[in-house]
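Below are two complexes that have chain A in common, paired first with chain B and then with chain C.
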Partner chain A sequence: MKHGFLQARALNVLFWLAMSALTLLPVWWMFLVSVRTRADLFGNPSFLLDVSSMTWGNYAEVLANPTFQHYMTNSLIVATSNAVLVSVLALLAAYAMSRYALIGKDNIFFWVLTNRMAPPAVFLLPLFLMFTGFRFGDWSLFDTRIGLILLYCVFNLPFAFWLLQGIVDAIPKELDEAAYVDGASTFTVLTTVIFPLARPGLAVTGILTWVFAWNEYLFASTLTSVHARTITTGLAEFVTVTGTNWGQLAAVAMLTLAPAVLVLALVQRHIVAGLTFGAVKG
Partner chain B sequence: MSRVTLQGIRKSYGAVTVLKPIDLDIADGEFLVLLGPSGCGKSTTMRMIAGLEAITEGKLLFDGRDVTAAHPRDRNVAMVFQNYALYPHMTVADNIGYPLKVAKVAKAERQAQIEAAAKTVDLTPYLARFPRDLSGGQRQRVALARALVRSPGVFLLDEPLSNLDAKLRVAMRAEIKHLQRNLGVTMIYVTHDQIEAMTLADRVVLLSDGAIQQVGTPDEIYDDPANLFVAGFIGSPPMNFLAGQAKGGRFAAPGVDDLPCIGAGSLTLGFRAEDAALAEAGRFSGTVYEVEPTGESTYVVLQMGIHRVNLRCDKKFRPALGATLRFDVAGRQCLFFDSASGQRVR
Partner chain C sequence: MRNSTTGWLLLAPTLFILVITGLLPFVYVLSVSFFDWNTFAQNPDPQYAGVNNFRRLVFDAAFLKSLWLTLKFTVFVVLSQLVIGFFLAKMLMRDMPLKGLFRTVHTLPLMIAPIAVGATWRLLTVPGLGPIPHWMKEWFDISYILSRFPDQAFATVVIMDIWHWTPLVTLTLMAGLSNLPEEPLEQARIDGASEWRIFWDITLAFLKPVLLTTIFIRLMDALRTVDEVWMLTGGGPGAETRFIGLHIWRVVFPKTDYGYGSAMSLITLYLTIVMCWFLYVAMTGMKDKTR
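Then we have the complex of A and B:
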C-alpha cells in the first residue's frame, strides 16, 4: 500500500518536472542567448550555460538605451493604469449588478460577455480610423498612452466584470444592510465592506488585466508609432534590415518578462484564493 | 429611545401584496415581538422599519417624526440580523466600533465606548479576535454589542437566536430580556418561535398571511385568542379543537354531552390541554389513542369522533390504549369560534 503511494507520488513529481521543463525551456534558451556575445551565439550554440564566457553586456546596453527606457515606461504606465481603472470600474459594475434590480440585468451581463468573444483583430481597422479620425485640434487618440489605456479597458472590462461579479455575489447582502443600518453611505459600504472583502478577487483582476495589457501586441503595434510605443512592440525593432541583434533582443525579452513574473509570484496566493472565492464560502 | 408608529403601512411587490395595511403604536421602552409562521410578513415589517425595504403605502413615524422615506442611516436604529452579519475582515473591536467610526467619533472616545459595550455583553477578552474565531453565542453577542454601542432609538432583532443550539438559545433569551429591561430601550423582535415571543414580549403582534391577527400581552394572546389561527398557533401542545353544531344555547359534537354555549350554527370548541381534568361524570369522553409521558406530566391523546385532543394528566398516569376516558373543562375555559370565519364568538 505504502509502496504504491510512493510510486504514484514519484510519478506525479516526475510528470510536473517534465511539464515545468517543457514550459521553461524557451525561457532558458532566451536567457542563454541574452548572456552570450554575438560571436559565442553563432560559434558555439549550446543548451548549457558556460559561466566563464557569460556576459551582461547585452543587458547593460539595452538598459542604457533611452528608447528602451521610454518603451518600458510606456508599458508600465499603460498596464498599471489599465489594471487600476479596469478593477475599479468592474467592481462598481459588479456591485451594481449584484445589488440593484436593474432592467434587463441578465441581458446586460450576456451582452458584456459576448463583446469579449469577438476576435480583437476584427476591430483593428475601425479602431484605427477612430483613433486617427477623432481630433481635438492637433490632438488625437492615435499614438497616445491614454488611447491605449482606454482601449485595453474596453477589452479587459468584460472579463474583469465577469470575474468580480461572482466575487461580489458571494459577499452576503446582509453585510451591506448591516453597514447601512450602522450609518454608512453607499460609498462607505463600498470602501469599508465590499472593497476589503473583494480584495483577493481584485488582486486577481488587477494582475490578469495588467498582464493582458503588458503582453498586448496587436493594438499597440497598430495604434502607436513613436510616443506611446510599448515594450512588446519595441522588441520588433531589434529585427532590422541589416540583421537581428539576437543578444539584445533576448535581453529585452527577459526584461519584459521580469515584471510579469515578479507580480505573479508576489500575488499567486491571492490568485488561487480569488479564483475559488465563490466556491469556498464561510 | 423612540416611540414607533406605523400608520396603514402596506408592502407589495408589483401586484403581489405581502403585507396588508397595518397600524401599530409601539411605546417608548416597549419590548414588542412580531410573531408568525414563515412568510407571514414579520421580517418585511421589521425591514421596513429599518429602512431596508421601501414602504409601498402608509406612514412610519419615530417620535412623531416622519421617517417613511428616510435612509437607514438617518433613522437611528440598530439591527441584529439572523446570521449576525458581522464584518469578517474586522476584529470584534472593529465590528463593535464600526457605527462609531462611520459617525466619525474620535478614536479615544470610540475605544471607551467599544469597551463599555463589550463589557455589557461579556466580550472584553475577545476584542482582538476575528468573528471566525468565535462560537455562535459569542458572535451573537458581538452583533448585540454593535447594536448597543451607538445608543440607538430603536433596537431591531431579526430572529437573532434561530442559529443557536437549544441550550444557548434559552441563556441568550434571558440575556436579551435582561439587557432590554436594564437599558429601557424600545426593542422590536421578530421570531417564529412562540416560546421566545411569550417569554420576552411586553406585547406580541401575531401575524399571518400578511395581516395582524392579534395584538396583546402574552397572557391575552394565550388566554383570550381572537381567532382560530391565534388559538392554534400559541401553546404547546396547541389548543384542542372540536367542530360541532350549536342550537338553542347547547353545543353538540362527537364525545361532547350537553355543553352550554353562545352563538349558533357551525361552531368550533377550543380548550387547552391543561384546562381539561379527568372526571367520572365529565361532559366529554373519548378513547385513548396514544400516551405521551414527558417527565413532568403525561399527555394523553384521545380520539373524539374525527378529532384528536390532548389532555395533560398526572405524570404517573398510564391509561390503557383504547380505554374510554371522561373529562371536563370549566365553562370559562371553553372558547367558541365561528367555524366558517374562524373568529371568536363572544
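Then we have the complex of A and C:
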C-alpha cells in the first residue's frame, strides 16, 4: 500500500516536471536566442545554454538604443501613473458603493464591469477619432502619454473597482462610524481608517493593473505614433522593421515579459480571482 | 445612512472617466456606422448612408471568412482548454512535493504580455532558427512554414493559445473542484454508481457555475484575440488567420473606411453578446434538467 502510494506521488511529480518544462520551454528558448551570438543562432537547435559563448550583447545594444529607452520610459510612466490613478479612484468609488445608499447601485456596478468585457478592436476607431479630433490648439490626446493613461482606465478601473469593492466591504463599518462620531471628515476617515486597512489589497490592485497596462498593445499601437509609443509597440515594430535581427527581438521580448515574471509569485494567488472578476476564487 | 451626495462625489471621477473612455466611444461608433465616411475617398466628408453599411456586411466575403475563422478558432481553443484544463486541475490537486512551485510555473503564461507570447512563438517557428520547423523536418519529414501553409498557421495559433490560456482554466476548475461537497460523491460510490456517471451527474453538476464562468471568460477573450496572432503570423498566410479584431483594424486603419468599419465593429460586438447569451441560456437550461 505504502509502496504504491509513494510510486503514485513520484509519478505526479514527474508529470508536473514535464508540464513545467513544456510551459517554460518557449520562454527558455527565447532567452537562449537573446544571449546567443548571431553565428550561434542557426543550425541544429540546442536547448542547452553554452555559458562560454553566452553574450549579453543584444541586451546591451537594445538598452543603449535611444528609441528603445524612450519606449521603455513611456511604458514605465504610463503603467505606473495608470496603476496609481486607477487604485486611488477605485478606492474612492468602492468606498462610496460600500458605505452609501446610492440609487441604482447594482446597475452602476454592472455597467462599470461591462467596460472591461468589451472587445477593444470595436472601440479602436471611435477612440482614434476622439483622440485626434479633441484639440486644444495644436495639442490633442493622440500620441500622448496622458491619452494612454486615461484610456487604460477603461479596462483597469472596472477591475480595480471590483477588487477593492470586496476589500472595502470586508473592513468593519463600525471602525469608520466610530471615527465619524469623533468628528472626523470623510477625507480623514479615508486616509486614516480605510487606506491603512486596505493597503494589502491596494498593493495587489496596483501590481495587477500595472501589469495589465504594461502588457497592453492594441490601443498603444493605434493611438500613438512617435512620442508615446510603448515597449509592446516597440516589440511589434521589431518584427516589421528589422525582420531578421532575432537576437535583439528576443532581448526586447524578454524585457517586455520580465516585470510580469518578477511579480508573479507576489500576486499569483489573486490572478484567478482577478481574471475571472471574482466569479471564481483562486 | 450618511449624506449620499458625498457618495456620489466619491463615485463621480470613476463614472466620468468610464463615460468618456467606454460609453462615449460606443455612442460614437454607433452614429458613424450610419454614414459613408472614408477620408481617402473622393468625397472625404461623412454622408448619411442609412443601413447601407450593414447591408454591405452581409455580402462581404472577407468579413464573413474572418468571422468564420474566429468562430472556428474560438471553438477549438475553448474546448481543448476545458478538457486539458480539467485534466490538469485533477492532477494538480493531488498531494505532492513542490506543488506550490508547479502551480506558480503553470500560472506564468497568464501574466506574459500577449505580444511577447506572439514573439516567443515566432522565435520557435521561424524556419532556419526555430526548433519546431527543424524537428518537423527531422522527425516527420514535414516542411513546416507558417507563411506558406494555412493549416499549419491555424494549428500553431491554436496551440499557442492553448499554451497561453489553459492555466486559467486549470486554476478556475481547481478552485471549483476543491469546493465540491464530499457527501454526494461518497453516497454515489456506496450506491455503486460508475465513475463515469458520478462524473456527469455529480461532479459536472456541482462544477457548473465555475464551468460557466470559465467558458464565458475564455469565450470573450478568444473572440477578441489580436496581439499574439498579429505577432506570430500577421494574419497570414493570405487572410487565413486574420481574426475579426485584426480584420476590423485593417478596414479602419490602412483602408480608412470609417463608416463601414464602425458597422463591422457593432456587428462584432452584437454577435459577441448574442453568443454569450446563448451560452448562458443553454447552460442554465441544462442545469434545470439535471435537477
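Things to note:
FYI, the second predicted complex is superposed on the first by the 237 of 282 C-alpha atoms of A that agree within 3 Å, B and C clash if a C-alpha of one lies under 4 Å from a C-alpha of the other, contacts with A are read in each partner's own complex, and residues count from 1 in each chain.
In this text, a residue touches a chain if its C-beta (ideal position, glycine included) is under 8 Å from a C-beta of that chain, and two chains touch if they have at least 3 such contacts.
Since this is a predicted model, take the numbers as computed values, not measurements.
Of the two partner chains placed by superposition, only chain B is touched by A:Pro172; chain C is not.
By the touch criterion defined above, A:Tyr71 reaches neither chain B nor chain C. Measured by the number of chain A residues touched, the leading partner among chain B and chain C is C.
Applying the stated contact rule after C-alpha superposition, one finds that A:Thr188 touches chain B and leaves chain C untouched. When the shared chain is aligned, no partner comes close enough to touch A:Tyr59: not chain B, not chain C. Contacts of A:Pro196 after superposition on the shared chain: chain B is touched, whereas chain C is not. Of the two partner chains placed by superposition, chain B and chain C are both touched by A:Tyr180.
Looking at chain A, you'll find residues 180 touch chain B in one structure and chain C in the other. By the touch criterion stated above, chain A contacts chain B in their complex at residues 172, 174-175, 177-185, 188, 192-193, 196-197. In the complex of the two chains, the chain A residues touching chain C come out as 8-9, 12-13, 15-16, 19-20, 22-24, 26-27, 29-30, 33, 41-42, 44-45, 47, 89-90, 92-93, 95-97, 99-102, 108, 111-112, 115, 117-130, 150-151, 153-154, 157-158, 161, 180, 186, 211, 214-218, 222, 232, 235-236, 239, 246, 249-250, 252-253, 256-257, 260-261, 263-265, 268, 271-272, 275-277, 279-282. Chain C contributes residues 1-2, 4, 6-11, 13-15, 17-18, 20-22, 24-26, 28-29, 32, 88, 91-92, 94-98, 101-116, 119-124, 126, 128-131, 134-135, 163, 167-168, 171-172, 175-176, 209-210, 213-214, 217, 220, 223-224, 226-227, 230-231, 244-246, 248-249, 252-253, 258, 261-262, 265-266, 268-269, 272 to its touches with chain A in the complex. By the touch rule above, chain B contacts chain A in their complex via residues 50-52, 71-73, 77-79, 81, 83, 85-89, 98-99, 102-103, 146, 150, 156.
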